[in-house]
Each structure stands twice: as structure tokens, then as C-alpha cells.
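Structure in C-alpha cells, see below.
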Amino acid sequence: GFIIGGEIKKSSDFIDVIYPYTDERFASVYSASESDAEDAIISSQKGFLKTKKLKSYQKRRILEKLSDLICEHKDLFVEILIKEGGKVRDLSSAEVERAVETIKISAEESVRMDGDIISLDRTIQGEDHTGLIRRFPIGTVLAITPFNYPLNLACHKIGPAIAAGNSFILKPASKTPLSALLLGHLLIKTGYPKDAVNVIPCSSKTAENMVTDDRISYLSFTGSPAVGWHLKSVAGRKKAGLELGGNAAVIVHSDADLNYAAEKITTGALANAGQVCISVQRIFAHKKIYEELLKSLKERFEKVIPGDPERSGVMLGPLISKDALKEALSKIDEAEQNGAKILCGKKFENNFLYPTLISDASIELAVSQTEIFAPAATISPYNTLEEAIEKINNSPFGLQAGIFTKDIGNIRFFYEETYAGGIIVNDIPTYRVDCMPYGGVKMSGSGREGPRYAIREMTEEKLLVINNP
Amino acid sequence: GFIIGGEIKKSSDFIDVIYPYTDERFASVYSASESDAEDAIISSQKGFLKTKKLKSYQKRRILEKLSDLICEHKDLFVEILIKEGGKVRDLSSAEVERAVETIKISAEESVRMDGDIISLDRTIQGEDHTGLIRRFPIGTVLAITPFNYPLNLACHKIGPAIAAGNSFILKPASKTPLSALLLGHLLIKTGYPKDAVNVIPCSSKTAENMVTDDRISYLSFTGSPAVGWHLKSVAGRKKAGLELGGNAAVIVHSDADLNYAAEKITTGALANAGQVCISVQRIFAHKKIYEELLKSLKERFEKVIPGDPERSGVMLGPLISKDALKEALSKIDEAEQNGAKILCGKKFENNFLYPTLISDASIELAVSQTEIFAPAATISPYNTLEEAIEKINNSPFGLQAGIFTKDIGNIRFFYEETYAGGIIVNDIPTYRVDCMPYGGVKMSGSGREGPRYAIREMTEEKLLVINNP
Amino acid sequence: GFIIGGEIKKSSDFIDVIYPYTDERFASVYSASESDAEDAIISSQKGFLKTKKLKSYQKRRILEKLSDLICEHKDLFVEILIKEGGKVRDLSSAEVERAVETIKISAEESVRMDGDIISLDRTIQGEDHTGLIRRFPIGTVLAITPFNYPLNLACHKIGPAIAAGNSFILKPASKTPLSALLLGHLLIKTGYPKDAVNVIPCSSKTAENMVTDDRISYLSFTGSPAVGWHLKSVAGRKKAGLELGGNAAVIVHSDADLNYAAEKITTGALANAGQVCISVQRIFAHKKIYEELLKSLKERFEKVIPGDPERSGVMLGPLISKDALKEALSKIDEAEQNGAKILCGKKFENNFLYPTLISDASIELAVSQTEIFAPAATISPYNTLEEAIEKINNSPFGLQAGIFTKDIGNIRFFYEETYAGGIIVNDIPTYRVDCMPYGGVKMSGSGREGPRYAIREMTEEKLLVINNP
Amino acid sequence: GFIIGGEIKKSSDFIDVIYPYTDERFASVYSASESDAEDAIISSQKGFLKTKKLKSYQKRRILEKLSDLICEHKDLFVEILIKEGGKVRDLSSAEVERAVETIKISAEESVRMDGDIISLDRTIQGEDHTGLIRRFPIGTVLAITPFNYPLNLACHKIGPAIAAGNSFILKPASKTPLSALLLGHLLIKTGYPKDAVNVIPCSSKTAENMVTDDRISYLSFTGSPAVGWHLKSVAGRKKAGLELGGNAAVIVHSDADLNYAAEKITTGALANAGQVCISVQRIFAHKKIYEELLKSLKERFEKVIPGDPERSGVMLGPLISKDALKEALSKIDEAEQNGAKILCGKKFENNFLYPTLISDASIELAVSQTEIFAPAATISPYNTLEEAIEKINNSPFGLQAGIFTKDIGNIRFFYEETYAGGIIVNDIPTYRVDCMPYGGVKMSGSGREGPRYAIREMTEEKLLVINNP
């Protein structure tokens, strides 16, 4: 059953959860109806009256308890992540560990909602007036999460929402609702006000209705750009944080350690079968080392064989669905028909796509411009850093970008000129630790996640001026 | 002529500027066409390539020069403000002085765009990684300003835009385009890149087209809620800061200094003929002092006689137009017909409305729920602070609210429970100094102005992660 | 045995630990010799090479483990605190709970040692230069702690030292070395580098030699003003944080809730038998309520009967020693001989002093000017707040001061005019939570404790300028 | 005459000001007696009662006026700087420009003395308590300044003192009192409270007496290490900021741009005849480029010919006195007698020392360990960065250190391992802009200058806790 006001509820509708490795049904969950969603909104409103009064030490305690509970249920979470998303065991295990940390970091941030005192006597009109600024919880947070990191991305919304003093409604991806429901169950045990806990798998239409509802104060959405920007346009006056897709680029400059870079890039392109917003999709190599890097990457890609997600040590699992595979293949086909070379991969079986490396892909192709969301990447040579950056910026997205170079001048130039939310030096653009600010520009989204930053977005500044004449 | 890329341009269309005191035409300005607007966008894009490279000391120098130039042209600005808005001389003079300060504060803030270094080694994955966060200019700022403070509110957009390293297009209110044009002329002399300076009076339709244009990166709008929220809904992916209206409330508690409060409230209700977003519109008085305050305010209101805006010492000038007067009168009439008492005022001549104090107005009336934007206010008694706050919160707006009380417990309670952007203690909600964060919640807008805060909104955070393995 | 480099060491010298309730020996500990101290310094230097390399997540883990271990050993700590200091059971229990939190807060702060990026291009010479500022651990911290809160005050030095990345030598008060030794034993189990753990009870002379040693980088001393300032003068180039005594004053204004104030003040004057740096020692009551407050306090003081520290519910225990009792009595006698009235108390038996309330004490008396460090306080009337503040400031000390009033004007005036490190409104000056900055001015010390602030003192800012021509 | 309480005073004693280029007397100033110093202290105490009440806008206005006045009197200041210090014209001119900026930056900082609000409810004891922290002016600042930058270093003390709300007594170097006296005269015209302005040339003994006086709240000293640390040891309870000497090192790594580095280093070693705390004194070159750099530096050093300070374009002027020359020569002689090679320079005439480059100097020599304070530097090769850093750290000083390298790994390693207050990358350690934090570790001093940082040191944090039960 789903969760409304901390209570288990049922409905007459079901969502089937399919194991992508076998395409068999693994579980069914109840799907919340319109009226369930209305109940969730009402409950969350009631819950907010309680959560906004929580003291720092209470929020810290709740979040630490939740972190501990996730840790205690690690094995169960791992099984769920493998089954609902087809995620390989090692990565599933890492995701649970990250979720534990994300909630722990939220706990640490919950006690640091400090404020500012500002001097108003900068002009004579401010004489005898003092200004104080504090942040207040915003209300009900509607969190909509995707299938690729169903647990940790839920934690990135729930954790800061609780730390900020908000109530929430969590709508997990229909393909992966189980980890979110378990998370909700654990939260109920922490002493967090029950009314404030709402986890409801539901249809897109029901979700959109909530997005337009004025009683919701904040929309936190992670998912596809098309859906995200549409939801923002119908969200009315509420604030919205959007974490959408990307086609992350990485530069390997002539002074880079090639082996190190190749190893990192292979992981960045193939982890979670490329179903990561910051998956390495576009590789730019300085012409001096282009051939060598290409060869090295090809070898590494070819060594990665898909396997049973249950088995530990397997690096590459299936895509989330047959449809996802088809879409990726059609983009690769389009590239091939337009002059690009498929250096390896393109092969597929069941829902697996073999690691695919593409060269000579022109910039207007889908593999260059759109998000592939599969274990596939393009590689291109460049003459100057300026040229490489121009190509990177020639994209509708701007989430993260990486560069391998030792030169401080290159680093500064790349940081200043590349238009993206995050710039990663000597590591892949896929790099994310949970305490850092994370988010994109252009089509890739707006706002920043990471508990400290999400708390800032999920709160409102209120000024207090005291006159003492 | 209007200004595109720092050059004076003409068109075939005109906007007449009417002196509200006489309803006679004072001047005509060219109105920018669609193609002029396109030129302005192109120019601003070109300008941004230069402004984003400006160093702190250059931005500071430009803004200090601009501040000095406004000061030097004070007399001319005062004449323009009197004529285009019907603003009385003393207030016009004060507005110019504030504009000087707003630009000066922007200069001071332009050298403080510092950044943060964050420890990423909070988890083992962050080991050897360092995070740096800096803010970068966002691009072209489209600034749309209202008639009531045509100079200082333009400065609140242009100042931070320059300080942040942005280019801009300023679209002044059609009724009051002259002060903005003069401001633009002065800016050209400061060394600020010419392409970045665009001031174009134009039609609403032309303005809306710019709002929807993807080449504009930030919309800074001050004006009516209806227009503001509509523009935000069509603004696409660009960020928008909205400073909209309000129906500001003030509480006079039983322990307040009544004379002091009455004096302040009179100014807060009548200044600029009530055409201020944070004009005192709703007065709540503790029942113990209700009658006394009512009497005191009535006397003060009655003493304020409208007069020739040119004459110094005149406190009350005309409304901006006949239409504005009619709209205010219709709300007062509606109130009277529904049981409210008109204690004084309601009288009008030419575009003047005499100070109007209304009691016994129920909460659903237009004088309670909407923004009157005229020298009129309601007064109501209350029993408990809780009750008064509930009434204040029972409004679609939430810009600023004031309270007169000495008690620290009341202050804290009022600050925590009143839903507004700013809470002013022992002063009127009309209080604003230019360095403070200013902005509202609910229908009253989103984002905060005041140079330090506007710079934050007009810039984008970019993360730099450096791995040092 | 004491602890050097995480190892248990013995010596030929002993310190006897006396139970103040019975004046009987409760335990003996080895006293470190000069050569032991030299070993501790050498070990701490070695340890620092390891602690300065600790990552945030490692420091957090060590401190959380330590916090958990203190919690697990609560009963043992309580018994020790009762016996070595004669502290009553309830307060001993509260001290252990605070120690758990102090270390927990240190853990939270250990992951927040962030830095700043500053714009250097404020002048043309700064063009192309960027400034970064980070804090680095300072080296070996020498922590000298007093007898009155032997566990929590040690935690206030050890916690931040670890969080900052420093090694340390802890020299506990000779009367109360046991809790510090147990703390050291627990720390060894956390994975903190052993060389960095040094806890050595020793003679004052040995301690002073360490203070003058250039290999020690920071002196953190809590104790008497005479010793503290002397140590600072011989500390050479090392930084020193001093938390010394006070003769804390509290004002009860005419608008205060008298019962509430009297209740709080009784606790503030008598807790830990007045052996608290911020114990209420000087009570100033507005003349309108002076008699009533005096009566109320007298009644409350008289109800507090000393008792066996072991028994829960007992509020007043013995002073630390016969000598301490004698010194307190001599000051009270001096007051009585010079015109002051002893309203209650002055009675004593064993090491107990009964709660003593003194009126009409002139300002030059020892009970007014020096620190009594016993359950005794003076009470005086005042006419105006100015007068009361002047009397409060007429003291060599300035640690904390309190006021009971509701009026925001009084609060501001008191905050601005009273010369002290902390001002407490509507609570006693004895108020301290472990996360707040704590420390005094004048004779009362220098620097601030509280983990966030102590970390700042125990680290050094280092600037990095990068030129990118 | 000198200045006490903003008034010109005379005494019976004189100090002769000698022009180092000709060794002739240029002027005489009155020397303040003990009783004058007492008057200055009394006046500064009175002044503080006024300065501490100054509003931000008043302090900003005073400092901006002072900045303008210095600018207006530039020619006069330049003449004074040339004559009292023998400083060459171009550098004198640059110093005045920097002084203008230092005071301007102080003006900007004076309006930013903001505060913090901290959450005290991190533990249950903090429930209902709010913490506010503001900074308050500390009292009278005693500023003691050296001869080498007599104007700008005075501004670095006076500017922040005014910005912080303090009064001051300025004791300039006896060799260069004129610029400080002129600065004082200008300050009197700004509206700053006259009592707060005290500029008194006096004997060291009189200065030391003031240092020990309890009415002085802060000692800001720039000068020699021996004097500085001695003064700190007799300063009693007052805070002291010490900016002392150094023997700044710079590394030229194998990947550096040698011409650029050599050019910068020549300036860094010879500017102001090496009489700069952060003058380049120790050059470490990677063995691969050692010979080439040595040759390049030798050529550059030899081209720099001392000349008449009055003439513009002259780079090298005389040392401050014959004694200073003798001391520098004796260190160079000692080096030569102990195996070092004098590659160029060592020649002298009048008070000039020709640029002196020394190789093969062992580490224990005075040219390596002490501060030369003359246009002389040593050069040594190194094999690894570790080795070079070890040599740099093998010095009693730690002010600033520089490195020329492009490699981000080297930069990070150098920043982390070099023990100094500031690390300068791709520029000389002599780099200082007036807005940056500046100060050293070890013998080089304590505390940081630069207006933002000096204000922090010249103020005291005061906590306000408000309980709202």
C-alpha cells in the first residue's frame, strides 16, 4: 500500500513492477487515485503545521534515526534496487550507502539554519534600524523522482525537506516505486509527524494535478527535460527545482594521464548502463592523443560484458525497458547512417546494450545533441581548447562537464568559458558527492540540490526590521 | 529618442507623457517597435560579451560615476519626476537622493562577489576533491519598471545588473519614461560598454515578446500582480524576479506610543498619494486604543490637503490618472455600500483623492483584499494578537507588515506567524531602505531586491571540483 | 596511569583525589614528571603529522564514536564526577549528557571547515589574481582544565582540537583528574592517532614549562584569572584562549515576571555550589520590585538544604575543599563587617556552605569585586537601567550578564552598553549551551569557546593567490 | 607639531628627518613627551565615546572624504615620501595611490559590519533561545608604523580603526613621521571626532609605555620581529596584531616561464631597495633551469643602477641609513667568507647598495636565516619540490612564499606544505593588494591586515541570547 499521512492506504488500481533483466513482473503496488492525492495534500498541509514547529535537535534526531534505519535495511534495499531497476548489485549497494550519507548530511545541515544581521545604517534612513534575516520552511514539498537512482534521489528531496521543516508528498517513478515506499515506511518510525509523510505512486496525470495545486509550495522534480519544463510552466506561483538531463562532455587534454582518464571515462560512460544524468556521452580528445585514447577506450569498452545484476562484480546491467533500448538503438542507427563510425558495441540482447563507442559523429546528430541514456558515447578530436569548449557549449544542455589536464591556465579557462552547472577537473563529469551543490543550466534544469543547497531552495527568507527610535 | 546599444534611436511611433496635475501633455517620446526591440536584444547580447569580462574595479568605477552623475543632474531629475508622475517636489527630491544611494550601494556590492570553498571530503568519495563555488553573470537582464518610483526602481534593476556583470534592456512604464531615458543617457557616459545599454519605451505587446525570448536570461519586473504572474508563466526557462503589489497591514498594539504610530502611519498611507506597493492600507488597532488611534488618524488625515506638486512642502499630489482615481473611488464606494464607514476623505477633484480613512470594512471587500493604490486605508479593532495576525494573513498578498509594540514576546510572535517578506517593528510596513532585502510572498512576488540580493538573483552559481589524486 | 601517545604510563609520583563530601581519599593517580611532559610533547608533535592529514569524514567518525562511548560509560562518569568533585548526582548526570553533545557538535563542525574565495580585482593590481582562504590545523593544543566541570570543559577543548586536525596534551585539574583520564582512554578506542592522545595530570610547574615551550602551538586554559593571565604572559608567540572567572550580574527590571526570574536566579546562584564561572553573583533589582524579589529569593535560598551528593534530587553539594570554604567565608565576613546584611546562609558544616544572600554590600567589597565561587550572591536596588549597567560595568570582569525584561528598548540598550562577552535576556547569565560562542572580556579572558568558535581559534588562515596572466 | 585630540601640539624635543639620498636634514618634527602621550591616551578615550556611536554612513563618509583628500594632496605626499624615506618617485607615487585605495576599501568595509543569528536549539537546552552575534569596536587602537611604507601602512591601521568605530593613537617611525602627520591633518577635516585623532612621533620608551597601558585596547604594530614580540609580551591583556619581517622565498619550477619569472623576481628583490617585509630574499630554482635562471637574474640585477630618487624612472634608491647599509654588507661579507659566491653587486656608494645576487649560500648564514632588508637575494638549486619546501620551511619566518609553476598538483602541494601566511602562485611573494588578508606565522607575526581582516581584529564579538519561554 502507499502512504498517506503516515498510514498505509490501498486503492483499486495497480502498477506492475517489472524486473528489467527478465522482463517479468516482480511486484505490484497500489496506484493512488485523484482522491488519494487530494487526501495526501490535505494531510501534508496538516503535517506542515507540526513540522514547521520542529526544533533543530528534533529534526537532527529524526534524520539520524532515518539514516540508521536505511543502514539497517541495506540488504532489503539492495534487493529492491536490483529488481525494480535492474541495477547491478555493486552499484545498488553503493546507492544505499550514499542514501545513508545523504540523510546523515541532511541531519547535519538541519542544525545550521542560521541567519544574518545586516547593518541598515548604510544610509541615514536606516539609522536606529536593525535588520535580521532568517529562513522559514516553505510548506509542502512535492517530490517527483526518476527510476535511475530511486532511493538516493528520493533522499535528496526528503532529507532537505525534513531538515528545512517541511512536509512532503513523494511521487516515485512508476517503474521503481518500491524503494521509495520502503523509505516512507522507515520514516514513519522516526517520530517525524505522520501527517507529513506521504508517498504515493500514481499516474502522470494525477501528479500533474498536484503540481498545479496552490497548496503545494515547492516542486522538486528530477526526470526528463520535456516533462520538467512543462511542469514548471503549469506550476503557477510555486517555486520549482528541476534536475533534468544532460549529454555530459569530457575533455582529455594532451598533458593528461591517459590511462587514468580512460579508466575513469569508461566508468563514467557505462555505470548504471549509462542511465545517469551526468553519464559521459561526449568525449573530446586533443588531436595529439586522440588515436591513443580512442584505442584505449575501445579496448576497455569491449571488455565490459553485460551480466546478471544479481551477481556481484558484474558492471553492466540491462536498460530499464525494451522501449529504452529501442530508442537508444535508433539514435545509434541514425548516427551510423549519417557517417559516424561505430567502433564497438551496438550489439544488444534482451534489454542489454553492449558498450558502444562512436567516432566521427557530426554535431547535429541525436547522439550529440540529445541525451542517449544508454551505455554509449561519442569521441571527437580537437585542435585547441577554445574549439573543444565551443563544441561542448553547442548543446541544449549544461549539467556538468569534465576535463583532464594538469595546467592551471587550462583549468581556469575551462571553468570560466564552459557553460554548465558544475565543472570537474581531473575526474569525469559523472562525479557527484552528496554534499556538493548539483544542478544545471539551460535545458538541464534550475536550482541546486545537495542538502545545504536544497534547504536554501525549500525555505523562504523573511526580513525583520527593528526600529529603536 | 530611446537608447539601443548606447545610441539614440527614433521610430515612427510616439508615447505621450501627461502631467497628472494638469492632465496636459508634458512631452512625447518615441516608442520602440518590434524590430527596435529585436535590435536591443541583439545589442544586449553583444554587450554581454563585454560586461561579463569587466573587473570589479571597473564595475565599481562605472557605478560610482553613474551615482555622481545622477547627483549632478538632481534638479533635472526632480523636474521630470514631478511632471511625468505628478509626484510632489519633496518626495521627488528624496527619490533622486535614494537613486544616488542605490547606485552607490551597487558599486560597493560589485567588489564583493566572493565565492566559497567547500570541503568535499565529508564522505570517502570526496577524498582528494576540493569544491569551489563562484557566481557568474547570467546574461541580459530585461527590466520592466512601474510609474510610481520610475527612477529609483530602475536603479534597483540597473545597478545590480551592472554590478553582476550583465547587460540589460530597460522598459520603463509608458506613463513615466523620461527619468529612465535620462538615466540611460548618463550611463552611456560612464564607460560601461555601450552595447549593453538599452532603454526602450514600448508597447506591452512588444515587452511581452521580449519576455518570451530565449536570449533574455533574467526578467526583473515591478508592477501589478496580474501582469507579473502572467509574464512569469510565459517566461520559459529564464529566471524571473517579481516585485508586485500588496495591501500592507500595520498593527498598533496596546503598549505602543500612539502619537508616534499615528504620525508614521499617516505618512505610510498618504505618501506618493498611496501609490506605493507597501503603502499602509490596513490598520489594526488593539481594542483598548482603537478609538483613540482612530480619532488621531482622522485628524491627521483631514489636515493633509492636496496641492501643486511643484510647490515644496506639499505632501499630497494627484493620482497618476483619471482612471486610477476612478478605480480607487469605485472600491471605496463598494465598501460604503456594504456597511463600511467613510471617516474622512472620499472627496476628489481633478486627479486628487483626499485622504480617506475607512472603518468597519469587512474582510471580503476590495478595500481589504485588493491593492487600492490611493491615499486610503481601513482601520479595524482586534482583541488578541493572534486574531490580528490571522486577519493580516487572510489576504492574497504578503509583501511587508508592521507592528508597533515594545514587547519582545509580541515581536517574536508577529515575526514568526505573519506571512510576508518583511516584518517591520515600531515602524510602518512602508519602510524600505535601499540596502535591505525587499520582496514578497504569495501574490506579492518572488525573489528579493536590494543590490546585494538582486545580484544573487542575477548571477548563476557554478561549481568547480578539482581532483588531486 | 596517565596517557602519553595513547599508552598508559606510570611515574613515581602520586596525586590524591579527595571526595569533598567526606574529605576522604577516593583514589590516587600518577603524576607526570618533567620528562613525562617532554615525552608527551614529542609524542604530540609526531601525532600532529598524522592528525593534520585526517579527512573530514574520518574526524567526524572519530568524534561520533567518542560521543557514543561517553554515552555508554555514563554511569561510570557520573560516579567519578560525584566523587572527584563532590558534584551532586543530577548535575553530574547533566554534565555527562552535555559532554556527549559537545563532542557530537564537534563532529558536526569537523565537516564544515570551508573556505572563502575573494575577489582581488578590487584594484587594478588584483586583475587576473584570485584569492582563496582556507584554515589549517595549528599544531599541538595544550589544554588545561579546571575542577568544576572536569568532563565537559575537557570536551570543549579536545573536541574542537580533534575537529580542527590538531594533536593535544590535556592537563586536568589535580583535584579532578579521573574523568579526563577516562575520556582519554575512550578516545584511544576511536581510531584517532594514538600519538596525538596525551592526558597528563602533573604539577603546576610542569604545566607552566609546557606553556612556555615553543613546540606547543596553542594554549587553551580554563581556570583562575591570575593563573590564566600569567600563563599568557609567558606563552611566547603561541596563541592562547583563556576562559577565566567572572562575577556575573543579573538585572531584574520592573516589568519582569518575578517568580520566573527568582526561580531562575536561585538555580543560577546555587548550582554546583556556585562553583561556576557564570554563577549569579550580583543581583540588581529595580527599586519598585526590589523588596518583593529580595523576599522571594530569601525564601528560595533558605529552602535549599545541602545534602549527600550521591542522592538524586539533592541540589546543593559541598565546596571542593575546606580551603575554598574558608576563602568564601572570609569574603562574606568582610562584607558583614563593612555594613552588608547577611539575609540568609553564611552557615556552614563540613565543606558545605548554606545558600547565602547578601544585601547592602558596597561596590568595593570582595563579594562585589572578586569571584566568590560559592553559593552566595549580593542583591542591590537601582533606579534606572543606566545606573544598573554602570554598576555592572564597574567590575574587573566581563563574562556574561543577564536581564529580565520584556521591553525591546531595554534589551537593546543593555546589549549595547553592558561590557561582557555574552548578554542573556530573560534568563540567567549562567546560561550556556554548548554550541554557542562563550568567553569574556576584561579580566574574564580572551577568545571564544564552543566548537565552531574554538575551531576557528585552533586553526590558522592561509591565503592562496593564483595569478593567471 | 604633532596631533593630540585633533589639535596641533608642540614640545621641547625634536626629531630630525634625514633625506637618505643626501644624508642631509630635510625637516624636524616635535617629539611627544611622556605627558603628551598621557594626553593622547586621555583624548583617545574621550574620542572613543564618540566614535563608537558613529553610524555606518558616517564612517563611510569620513573615510571617503579622507581618501579624496589624500588623492588631492598626492604631489605633496610624493615629495614627502621621497624625502623622508629616500623612496624613488615612481614607487612613492604608487604608494600614495595605494593609500587612496586602502582608505576607500576601508570605507566600503565600514558598511558591512554585519552579524550572525545562530540556532541555539541544537540541544534541548537551547529550545526557545535565539543567539545573535555582532561585533563592537574595541576601544583605542595604538598604531606603530615603520619607515618603509610610512603612508600606506599607516592607512592600513587608521582605515580599519575608523571603519570599526575606534579611536586611535598613531606613532610613526622616527625616520619618517611626516606622511603620518599629514595624514592626521587631513583626517581632522573629515568630520571624524577630533578627540579620536592622535598622531605622535615619540621615543621608543614613550611608545612602550603606551603599549603597557591598560587604557589602550589594541596594539597594531608593523616593524621588526624583535621589537614586535617584545611589545606583545609587555602588552598585558590587550590584543595585538603584529606584522613583522620575513625572508621571503620563491620557487621557480622547471615548467615555469623563465623570462616572466626572472622579470618579476627582479622587481620583487629590488623594489624599495629591498626594504619590504616580503622582498624576495631566497630564490629556489629547479636544477634543470637553475643555470639559465641564475644567468638571467644576474643580467637583470646588473642593469639596475641606483639613482636620484627624485627622477622618475629610477628604480633603485638608497637604503634608509648608513647603519642599514652596514648591516646588510656585514651579512653579505659573512656569506662570502663562508663559501657563498657574490654573483653581482655588493658594491656600494653613499647609502646605495648595488643589486646583489648570491649563490652557494648555506642555510645557517645570516643571508639565509635573517631578514636582509636590502636589495640582495640568494639563489639555490633543488631536485624535488619536497626538498625546496623543506628548505623554505627551515627559517624562523613565515610571511609569504611564491612559486612559478603551471601544474595544479604542484600548486596544491606547495599550498599545503609551505608554512607561511600567504602563498603566491605565478607571482612573487612580494605580491600584496590592499584588500587581501596579509600577515604571517612563526616569527613573522600574528593576526591579519587588510581592512576586512583588520576590522575583525579591532572589534569584539558580543553574544546576545534571547529567551522566549
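Labels for the chains are A, B, C and D, by order of writing; each one numbers its residues from 1.
Quick note on the criterion: a residue touches a chain if its C-beta (ideal position, glycine included) is under 8 Å from a C-beta of that chain, and two chains touch if they have at least 3 such contacts.
Small disclaimer: the values here were computed from a predicted structure and weren't measured.
Peer 1: What's the fewest number of moves from chain A to chain C, given that each move must go to a chain touching the current one?
Peer 2: Step count on the best path from chain A to chain C: 1.
Peer 1: If you average the Cα atoms of chain C and of chain D to get two centres, how far apart are those centres in Å?
Peer 2: Whole-Å distance between the two chain centres: 37.
Peer 1: So what's the Cα centroid distance for chain B and chain D, whole Å?
Peer 2: 46
Peer 1: Find the geometric centre of each of chain B and chain C from their Cα atoms only, then give the gap between the two centres in Å, rounded to an integer.
Peer 2: Each chain reduced to its C-alpha mean, chain B and chain C end up 50 Å apart.
Peer 1: For chain C, what residues touch not just one other chain but two or more?
Peer 2: Correct list: 111-112, 118-119, 122-123, 126, 133, 408-409, 411, 425-426, 435, 466, 468.
Peer 1: So what shape is it, when you link every pair of chains that touch: line, ring, star, complete or other?
Peer 2: Basically all the chains touch each other, so complete.
Peer 1: Show me the residue ranges of chain B that touch chain C in the complex, using the header's touch definition.
Peer 2: On the chain B side, the touching residues are 55-57, 60, 111-119, 121-124, 126-127, 132-134, 406-409, 411, 425-426.
Peer 1: Residue numbers of chain C touching chain D in their complex, please.
Peer 2: Per the touch definition, chain C meets chain D at residues 98, 101, 105, 118-120, 122-123, 125-126, 129, 131, 133, 136, 229, 232-233, 236-237, 239, 260, 411, 415-416, 420-427, 431, 433-438, 441-443, 446, 448, 460-469.
Peer 1: Where on chain B is chain D touching in the complex?
Peer 2: 108, 111-112, 408-409, 412, 435, 466, 468
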